[in-house]
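Two complexes follow with chain A in common, the first pairing it with chain B and the second with chain C.
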Partner chain A sequence: MVWVNALVQGILLGGLYALFACGLSLLFGVMRVVNLAHGDFAVLAAYVALAIIAGLQLPVLWTALVVAPLFALVGYLVQRFIVQRSLAVSPLTTLLVTFGLSIVIQNALLQLLSANSQSLPSGVLASGSLEVNGQLSIGYLSVIVFVVAVVVIVALQMFLSHTALGRQVRAASDDQEVANTVGVNVRHVFGIAAAIAFATVALAGVAFGMYSSFDPAAGPQRLIFAFEAVVIGGLGSLWGTLVGGIVLGLAQVLGAQVDAGFGVLAGHLVFLAVLALRPGGLIPARFS
Partner chain B sequence: MVAVAVLASLPYVVYANVTELLVNLFVLVTLATMWNLLAGYAGLVSIGQQAYIGVGAYIVLVLARNGMSPFVAIPFALLGSALVALPTSFLVLRLRGAYFAIATWVVAEAFQLIVSRIPSVGGGAGASLRGMNGLDPAVREAFTYWAALAVVVAALLGSYLLLRSRLGLDLTAIRDNEIGARSVGVRITLAKRIVYLLSAAGCGAAGALLIVSQLNVQATSVFSVQWSAYMIFVALIGGLGTIEGPIVGTLIFYTLQQTLADRGAWYLIILGTVAVLMAMFVPRGLWGLVSDRFDFRLFPVGYWLHWRRPTTPSPPLP
Partner chain C sequence: MTVRYGQLQALTSIDLTMASGETVAMIGANGAGKSTLLRTIAGLHSPVEGTIRFEDRDITRLAAYERVALGIVLVPEGRRLFPSLTLEENLRIGATRGRPGSWSLARVYDLFPWIAERRRMTTVFLSGGEQQAVAIARALMSNPRILLLDELSLGLAPAVIHRLYNVLPSLLAAGMTILLVEQDVTQALRVSDRAHCLLEGRITLSGRPEELTPAEVEAAYFGLARRGGAGAG
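Right, the complex of A and B next:
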């Protein structure tokens, strides 16, 4: 029963990682860009949510409605003014620039706030759970996060395959020049993709802030988990990202079941094993 | 040569706090040079060179516990790091771009988690270096300084000779156009592997210097990604793909760090912002600006050499 519990918790934790990773997956799939400040933007979103709760006395779930559009705007601007510019220098420059951004965000948060860890007050959501029996209990929060992750991924997939804008995104991703000649404003479309990705990052940041405590230096770890989920699942496939998140969540929870300190390492080892054996990921595919 | 001789005689002339500062400078120049070797010449952006800083430091720790002088252990740290990098290279060198960057980072995280689980080297709490008690502090500091000077001179001279060699040409060819390089017969994986191992060796030596100068080691700090931030900022500000760049970058780094010493993390915020702007607008860094303007190089290996003088007939290919 202990193992069944670990299995369920692992899958649910995977939902959180998938929510975290889908923005990364989208940007890589569309632009071949990895935003190394991904995790730090999520932490920033959690801090913004904290400020909103303190300032407007909103309940925590409502903050997502403010934080997600705000970060969509941030994402559009970051894409247009920073990422697009560095892409023009070279693809490697985007790595260096977003890494620099990550360090700047971390240290700015550290300097302006403090190194103290915070968490989002989530009341009954955090503590409440569905007791199946003595050893198996399912937290409401983790179920909500899992459902949100699936909904976001389905919505993204629908957006990409069934809307005009989604088609433009895919066209720009496949061939920028041709997309341009048929009237797609590639830069704007990439900006839109980044806006969507950042909105999901904000959701993930709020979810993570409710799940566990965070501090200014928490971003890189989140980025690594998100990237691991993307790679394990298979790059450029949103469903793969969900699978990758679940595999990573399972590896961590089952690893921690073996030995309390082994969880994160187990996740890393699974990631490295996938890189070594199946570099394309478990479900390699392109957006279709 | 003169500069090295002057620097070597410093412990006789100046106070220990100056040599201590210089040791830190040398470590940072070495690290940035090693990172620059990968990114600036081979086009491999690593965020995980701290893996070998940690390996180097822990090798010195273990050898010193078994009775070896920590100074004698430094070359072993260098070799040991390269040895550890060999199997790792088979995993990470299959990857490119962001994949390579994050895979190296995860490797460093995994090393840290593994070392933290070994109780005999202090686990997560860290350990202090033994084997220095018999030495007079002044002698110890002088030896540390000379060791650091030797490492940084070896790193700079080694990179210079490496880049002047055929391998250096291979590497720049790979960075500029990997498929093109392959098609003219460059053995891409071999060239990348050699430079990856050399970079690991240099970082290992730097890690050894860190533990020798600080006399203790802690896994979370020695394997910290902060080191990558330092290396990247220094190399970007000084000049990517130039040997002089890391020296210039390190001087700026330390000036800023010392000036803003009582203002917490502001120096990192400023350095990071400057590095980001440099990467976007001045991709060849400060030294690139200087050398373009005055056509002056301390170490003439720049890949601009032939490009700037298109009239010079290129030598026949061997």
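Right, the complex of A and C next:
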């Protein structure tokens, strides 16, 4: 029963990782941009949620409804005015630019809000759980986050596959120049993709903030988990990212079951094993 | 207009005017600047000097996707269909910023029943000729007024090229203006009202196809003799 519990907790934790990683996966899949500031934007989203809770007295889940659109706007602007310019130079430049953004965000947060760690007050959500029996209990928060992750990824996939704008995103991803000559405003479309990615980062940031405490320097450590989920699942595949997140979550929780200190390491080992044995990831596919 | 590629001057003082409904062929050897000319008109390069005008409107600074809305559409060299889109999606994307007009999915399917049959498949399994047909249909979906055709014959078998050029006139509604770039001189001259020969970025020969002698074309094409540049050069 202990193992069943670990299995369930692992899958649910995987939802958080998948939600966090899908923005990274989308940006890479569409524009070949590896956003090194991904984790820092998630931390920033948590701080913004904290400010909204303090300022507007909103319950924590409602903050997501404010933070996600706000970050969508930020994502669009960051893409159009910062990343797009570096994209025109070379893929390596985008790495440098997003690395720079990461440092700017960390230091700005440190300057303005100190290095103290914070957490989002989530009340009954964080502590409440569904008792299945004596040894298996399922936390409300982790179920909510898991459901949100699946809904977000399914919606994203539907958007890409079945809408006119999604079609433009895929066309622009295939061949920017030709997309331009058939009437696609590639920069705008890339901006939209970034907006969606940032909205998901914001959701993940709020979720992370309810799971555990965060501080201005927490971004890069989290980025590693997103990277691992994306690579385990397969680069540029959203379904893969969902699977990758779940595999990572399972590895960490089952590893921790063996030895409390072994959890994160188990995740890294699974990641390395996938890289060595199946470098393309478990579900290597394009957005289609 | 003049267009530069870094240090290289790809086109020098090109002066080209097209009347509505006319088919103009631009012939010339590899590297003569033909594709650069088309890409500049489509909006993928900007000229360092000179202007591009469309119906008294200066469109020199307009982005490629904005020119589609005016009716200027490029069929790129090498087809370049979108590999992660299905056949139908490849056609639909052509109508993204298109003008209203007689071209629609239904009309394309009518004309090419084999596209309708395979509309949910990706384009990677199509033959070169089929890909070229889809690329042209994709451009037509926007109901263009000026169609820029870049090397339709590239990499295709002679029989396929012949068929393609036979279908071409029936595809092009009355009033559509066509600028086609081609290495296959015979095909280009066969379908065009007017032809220009491009050599090292300059127009070296211009005229109606029936007035040009093979010797003149050959000379202009290979740059054997510098003459006849008066037409439009």
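One rule holds for everything that comes next: the second predicted complex is superposed on the first by the 288 of 288 C-alpha atoms of A that agree within 3 Å, B and C clash if a C-alpha of one lies under 4 Å from a C-alpha of the other, contacts with A are read in each partner's own complex, and residues count from 1 in each chain.
Quick note on the criterion: a residue touches a chain if its C-beta (ideal position, glycine included) is under 8 Å from a C-beta of that chain, and two chains touch if they have at least 3 such contacts.
Quick caveat: nothing in here was measured; it's all calculated off a predicted structure.
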Handout entry: First, second, both or neither for A:Phe227, with chain B first and chain C second
Key = first
Exercise for the section: Scan A:Thr93 for contacts with chain B and chain C and give back first, second, both or neither. Expected result: first
Exercise for the section: Pick one for A:Ala171: touches chain B only (first), chain C only (second), both, or neither. Expected result: second
Handout entry: Which of chain B and chain C A:Val74 touches, first, second, both or neither
Key = neither
Fill in the blank from the handout: The answer to whether chain B or chain C touches more of chain A is B
Handout entry: Touched partner set for A:Leu101, first chain B, second chain C, both or neither
Key = first
Exercise for the section: Considering only touches as defined above, state whether A:Ala195 meets chain B (first), chain C (second), both or neither. Expected result: neither
Exercise for the section: Applying the touch criterion given at the start, work out whether A:Ala204 contacts chain B, chain C, both or neither, answering first, second, both or neither. Expected result: neither
Handout entry: Touching residues (chain side chain A, partner chain B) in the complex
Key = 28, 32-34, 36, 82, 85-86, 89-93, 95-97, 99-101, 103-104, 107-108, 110-111, 220, 224, 227-228, 231, 261, 264-265, 268-269, 271-272, 275-276, 279
Problem - Contact footprint of chain A on chain C as seen in their complex - result: 42-44, 63-65, 68-69, 73-74, 76, 80, 82-86, 89, 92-98, 122, 138-139, 142
Completion exercise
The residues of chain B that touch chain A in their complex are 39, 43, 45, 47, 91, 94-95, 97-99, 101-103, 105-107, 109-110, 113-114, 116-117, 225, 228-229, 232-233, 236, 264-266, 268-269, 272-273, 275-276, 279-280, 283
Problem - Partner chain C, residues of chain A touching it in the complex - result: 164, 167-168, 170-171, 173-175, 177-186, 286-288
